Amino acid sequence: MDKLIITVTVDSTMSYPGNPLMPPIEDLDAIAAEYVRSVEAGASIVHHHGIHYLEHEIQADGRRLSKIDFSGWERLTEMIRSRCSPIVQFGIASARLEEKIKLMTLRPEMMSYAFNVHDEFFQPDPQFPANEMYALHPRDELETFCRAAQEHGVKTEVECFYTGAYWNLEFIRRLGILPDPVWATIFLGWQGGAWTPPTPDALLYMVEHLPANVNWNLSVMDSQTQWGLHAIAIAIGGHVRVGWEDNPYLPDGTIARSNAELVENVVRMAETIGRPVATPDEARQIAGVEAAAPVTEAAP
Amino acid sequence: MDKLIITVTVDSTMSYPGNPLMPPIEDLDAIAAEYVRSVEAGASIVHHHGIHYLEHEIQADGRRLSKIDFSGWERLTEMIRSRCSPIVQFGIASARLEEKIKLMTLRPEMMSYAFNVHDEFFQPDPQFPANEMYALHPRDELETFCRAAQEHGVKTEVECFYTGAYWNLEFIRRLGILPDPVWATIFLGWQGGAWTPPTPDALLYMVEHLPANVNWNLSVMDSQTQWGLHAIAIAIGGHVRVGWEDNPYLPDGTIARSNAELVENVVRMAETIGRPVATPDEARQIAGVEAAAPVTEAAP
Amino acid sequence: MDKLIITVTVDSTMSYPGNPLMPPIEDLDAIAAEYVRSVEAGASIVHHHGIHYLEHEIQADGRRLSKIDFSGWERLTEMIRSRCSPIVQFGIASARLEEKIKLMTLRPEMMSYAFNVHDEFFQPDPQFPANEMYALHPRDELETFCRAAQEHGVKTEVECFYTGAYWNLEFIRRLGILPDPVWATIFLGWQGGAWTPPTPDALLYMVEHLPANVNWNLSVMDSQTQWGLHAIAIAIGGHVRVGWEDNPYLPDGTIARSNAELVENVVRMAETIGRPVATPDEARQIAGVEAAAPVTEAAP
Amino acid sequence: MDKLIITVTVDSTMSYPGNPLMPPIEDLDAIAAEYVRSVEAGASIVHHHGIHYLEHEIQADGRRLSKIDFSGWERLTEMIRSRCSPIVQFGIASARLEEKIKLMTLRPEMMSYAFNVHDEFFQPDPQFPANEMYALHPRDELETFCRAAQEHGVKTEVECFYTGAYWNLEFIRRLGILPDPVWATIFLGWQGGAWTPPTPDALLYMVEHLPANVNWNLSVMDSQTQWGLHAIAIAIGGHVRVGWEDNPYLPDGTIARSNAELVENVVRMAETIGRPVATPDEARQIAGVEAAAPVTEAAP
C-alpha cells in the first residue's frame, strides 16, 4: 500500500459561508499561512482557489460563473512555494474553461476538473439560503481541458461524484490525453443532485468500480461521517483530502482553528492504522507528478 | 413481494438508430400496434414518446431540444387506449418544460422526469457517430414539473441514473409534491456521463440506498447484461422495463421482431422465478395510480 | 461465460422426510428413473446417495453415522449409466471416511466432501421433530479423502457452507491434491450452525471471495428464495443444483411431481437469461472431468 | 452511536506461542498487571483465561481439552477486581462444559461461548508446527450453557466466526435464555476452517446480516489488516477487542511491550474518528451487564 497523500483545501467561501475563521479571499497572507501550516503538519497537496469572484449578473455568454483574478492566483502560488514545496493543485470549478487554461501558465502541478455534472447545494446552516451551483461538463470540454493540461505539463485531477465520471475518465483516457496513473478524487456526501451517500457501502462501491491505474483520494462533506470514512479510506489504500472547504469540524465537533489541525488529525489517524504519510516528494512519485520548475523561472 | 409490473418502451430512434424494424415515428398505426401487442403479452405500463422532432438548429432560447407534435401524442394515446387499458406513461426527456406540462392535459397516468442530469452517449454501432444528449435539471424545474403533475392528476416517474436523483427525490418530496408511493426507475448501463455500471453490485447498491416508500423499476441499456440484471430485479422485488428503446435483442442475441417478444421473455422469466405478473389494474393499485377517465371525456 | 451445468439431487430422506413422492431408498428402479428423466431434461451431473442407512445406535467408534450398502450404490450407478451418460457424483456426507474411499472403486466421476463442519437442522415442517446432523471434518481427513480421490481418478466436489471451506480448499490445494479447476458448491439457506443466509448479498459475498480457478455451483435450501437466487447465479456465471433434496417446490409453490420438472424450470430460466445449458460432455470439459470408462470394464 | 467499548485479551499461549513477552500462565502477578494497565489505558472489558492446561493425552471421555485450575481463575479475577472495576469476561473455549459452568460461581459478568464450530489453525511462524483446535458446539450444549449463565447472572458473549453463529443465536434466543441486548463478537482472519476473511467487505457483510438487538465487537487475528478493520468498526458503531491473544503487533509492526499499548492505540484511533471511549460503568449500561457484587462477599 502506498504512503498516504494528504490534500488540504482551505476555501470554505461557498461551502461554509458562516465559517468565522475564514479570512477574506483577498487576504493572501492569511490564506498562504493556512496552507503552509498544513504542509508543515503533513499535507503534500495544496488545493487552492486563488482569488475569484462570483459574477453578480448573467454575462454575455448567458452564464453566471466565477471570474478569475489571475494575478491573485499567481501571488498565492508564489507565497506558498516560497515557503514550502507541496504539490500545487488549482481548483475552482466554476471558472470558464479558457480562464482555467490560462491559469495553467502558472504551472500548477495539478489542476482539478469535474468529470461529471456540477450540481451542488450548500446549506450547512438551514437558517440561511443555500448556495447552489450547476454546470454541465460535456466531453468536448473535458477533452479541451485535458489536452491543454498535457501540453502545459499539468496533471489533471479527475473529480468523481458518481460513476458517470468513471465513464468519462475512460472515454478521455482512450483519447490518449490522461496519462497513467490517473489521480481521481471521490466525493461523498456533497449535497445536491450529484450526491453520493456518505456511507461505507457507497465508498466500497465507488472504489470497487474504479477503472484500473487510478490513485484515489477521498473528500467527504458531512461532519457526522467524514472522519469515519477517512479512516476506512486510509485502511483500504485511498488518500484523503481535508480542510475548511470540506468540513471545518474536528472529530470532537469543535471548529478547527487552523486547517493544520485537520491535517494533524489525519496524521494521527494514519499512525494508529499503521499507514505512513507521504512527503511532497514521495507524493510526486506516487502520483506521477513532476516537480514544478523553480518559481523564479516563471517570471522572466 | 408485489406482483411484477412490466413497462414497455418502443421508441429506439435515439438509442438504436440502426434498428431496421423501428417504424417511422409518424407511423402511428405501426407504433400503436407494437404497444397493444406488448400489453397483450403482459406489459402494464406503456412508455411512449408520441411524435417529436429534434430541432435542427439552436432556437431563440439558446437550446436545441425536441419539439412536441401535440396532436401526434393525443392520437397515439387514443389509439392505444381504444384497444387496451395499460397505464400510459409519457416519456421524452428532451422536450421543453412548458411543452411537457401542456402534454399533461392529455391525462397520461404517469409522466417521466429525470431527477439528475441527462448525459447520454448512444453509439450501439461504433461505425456511426454517437447521439449525445445533455441537459441539466435544476431543482426549480423539478418543482415546477411535479406541482403541475400533481394538479393534473399525473404521477411522476422519477428517473434515477445515480444516487443524486435520490437526493433530489427527497428534496422534492419534502415540498409535499411527490405522493407516496413514489415510482422510480433505476437506469444501469446507459453510456455517457450519467452512467452507472450494469453489474449486480451496482444494482444492489442502488436498491439498498433507495429512499423509503419507493417502488422501483429497472431499465438496462446493455445487451450483454440486461437479461441477467432483470432476473435479479425480479428476484429481489423490482419491476422491469423492456423494449426496443432499451435493448432490442432477445437473450439469444437475435433482434426482437416485436417488442411483445421482449415482454414475453420477461413473463417467462418471472414464471421460472415464481413472481406473478401484474395486470394493468393490479399495477395501478401497486403504483398508486388512478385510472384515467374515458378518453371521450377529454375532448368535449 | 461457460455454459450452464445443472446438477440434480433426488434424495430428500433427511431434508424433507414428509415428501410423499420420494420412493423408498431401496426402490432403485424408481430412483434411477428420476435421475434419467432429469438428465433428459437437461441435468448433466447426477448427485446420488445410493442406498444407505442411518445407524440406530452409537457404534464401537463412538459415532452414529450412515452405513453404506455398497452393492446398492453399484447397482444405482449402473442403472443410470446404462441409460444416459451424465457425470456421476457420489454424495452422502454422513458415511465413514473408509467407506467413502471404498466407493471410489465404483469410479464415480465426482465425489462430494464438506470442507467445513456439518451442522444441519432439517425441519421443513415444524410439527415434526428436526433431523440434526453434526460432523467435524478435520484437515487430515480432507487430505486423506483428496489423496484417495486423486488416486482413483475421482474429482472432489468441495462443499462450501461458509468461507471456512475456502480456507481449507486453499490449504488442501497447496498440498497438490486438488487439481484445477476446482469444482465447488456454495450452500445457502441450509438451516443450522453452518448456515449462510439465502440473500443476494450473501451470494455475491461468497462468490467475490472465492479462491481463483474454481467453478462454482449453487445449492439453496429455502423454497422462498431458491429460484430467485438461482436466477442470480445463472446471470453471474455460476452453475446450479436442484432436486427434491434441496427444495421440492416449483416456483408456483406446488411440489414437483418429478425432479425433471425442477430441472426443466432451470432450463427455461436459463433460456430467458440467455445462458445455454451444457450437455454432459460439455460439462465434463468445463469441470475438467474425464469420462468414466464403460461400465462393462468395471466388472470383469 | 454508543461510546466505544474496548476489550483486552492477554493470553497468547495458543495463538502466538513465540511471543517472548507473554509471562507463564501461572505468573498471575504479571498477568494481572497487564490487565490492570490495560483498564487504566481505556479497556472496559477484560477477557481472561485464568490458569488452564491443555491435556497431554486423550481422556476417558474421548476428548483432549483444557483443564481448568479453578483456584487460579478465582485468584486472577480477585487480583484484577481489587485494583480496578472492569467487566470481567471469562474465556477459554476448550474447557469442558461442566467446568465452564462451575466457573460461573466466580461471578464473572460475562462468559464467552462459541456459537459455531471451533476450527482454528494457529501458526504465526511457519517454522513451527501449527496449534490446531477442533470442537463442535451442538445446540443442546449452547442451551445448557446459556441456561446456566442466566441462572448465575452471567451475560453470554456470543462468539461468531461466520453466519452459522447468527442462526444459533436466534435459535437460542427463541428459547428465552439470551437476554437483549445480546453481546456478540465477530472474528475475522482467524486461520482455519472457521475462517472469515479479514476484508472490509466481509466485515460489512457480517454486520449487515447481524440479528436485531445485538451489540457487536470485533476481533481480528491478522497483523496486516487488524488496525484498518478496527478503524472501520469504530467508524460504523462496533466495539473492538485487542491484546496479545489476537495480535501482539502495533501499527508500526513492532511488538507491543504491554497490552496497554494496544489499548492506547485504540483510544487514540477513536479520538481521531470522534468516538468517545466508554468507562467500565458506561460499558455495563450499554451492554446490559450488572456490576458484580463486591469481591469480599464472594469469599465468606
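Read from first to last, the chains carry the letters A, B, C and D; within each, the first residue is number 1.
In this section, a contact is a pair of C-beta atoms (placed from the backbone, for glycine too) under 8 Å apart; a residue touches a chain by one contact, two chains touch by 3 or more.
Here the structure is a predicted model, which means the values were calculated and not measured.
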Exercise. Trace the shortest sequence of touching chains from chain A to chain D and report its length in steps.
Key: 1
Quiz prompt | Copies chain C and chain D touch via same or different residues, half shared test | solution = same
Quiz item: By how many degrees does chain B turn when fitted onto chain C using C-alpha atoms, rounded in steps of 5?
Solution: 180
Quiz item: From the C-alpha centre of chain B to that of chain C, how far is it in Å?
Solution: 43
Quiz item: Whole-Å distance, chain A centre to chain C centre, using C-alpha means?
Solution: 54
Exercise. Could you grab the centroid distance between chain C and chain D? Build each centroid from C-alpha atoms only and quote it in angstrom.
Key: 37
Exercise. Mind pulling the residue numbers of chain C that touch at least two other chains?
Key: 201
Quiz item: For chain D, which residues count as touching chain A in their complex?
Solution: 200-201, 204, 225, 227-229, 231-232, 234-236, 250-253, 265-266, 268-269, 271-274
Practice problem: Report the residues of chain A in contact with chain B in the complex, numbered from low to high. | Solution: 62, 115-117, 119, 121, 132, 134, 136-139, 161-168, 171, 191-197, 199, 201-202, 205, 208-209
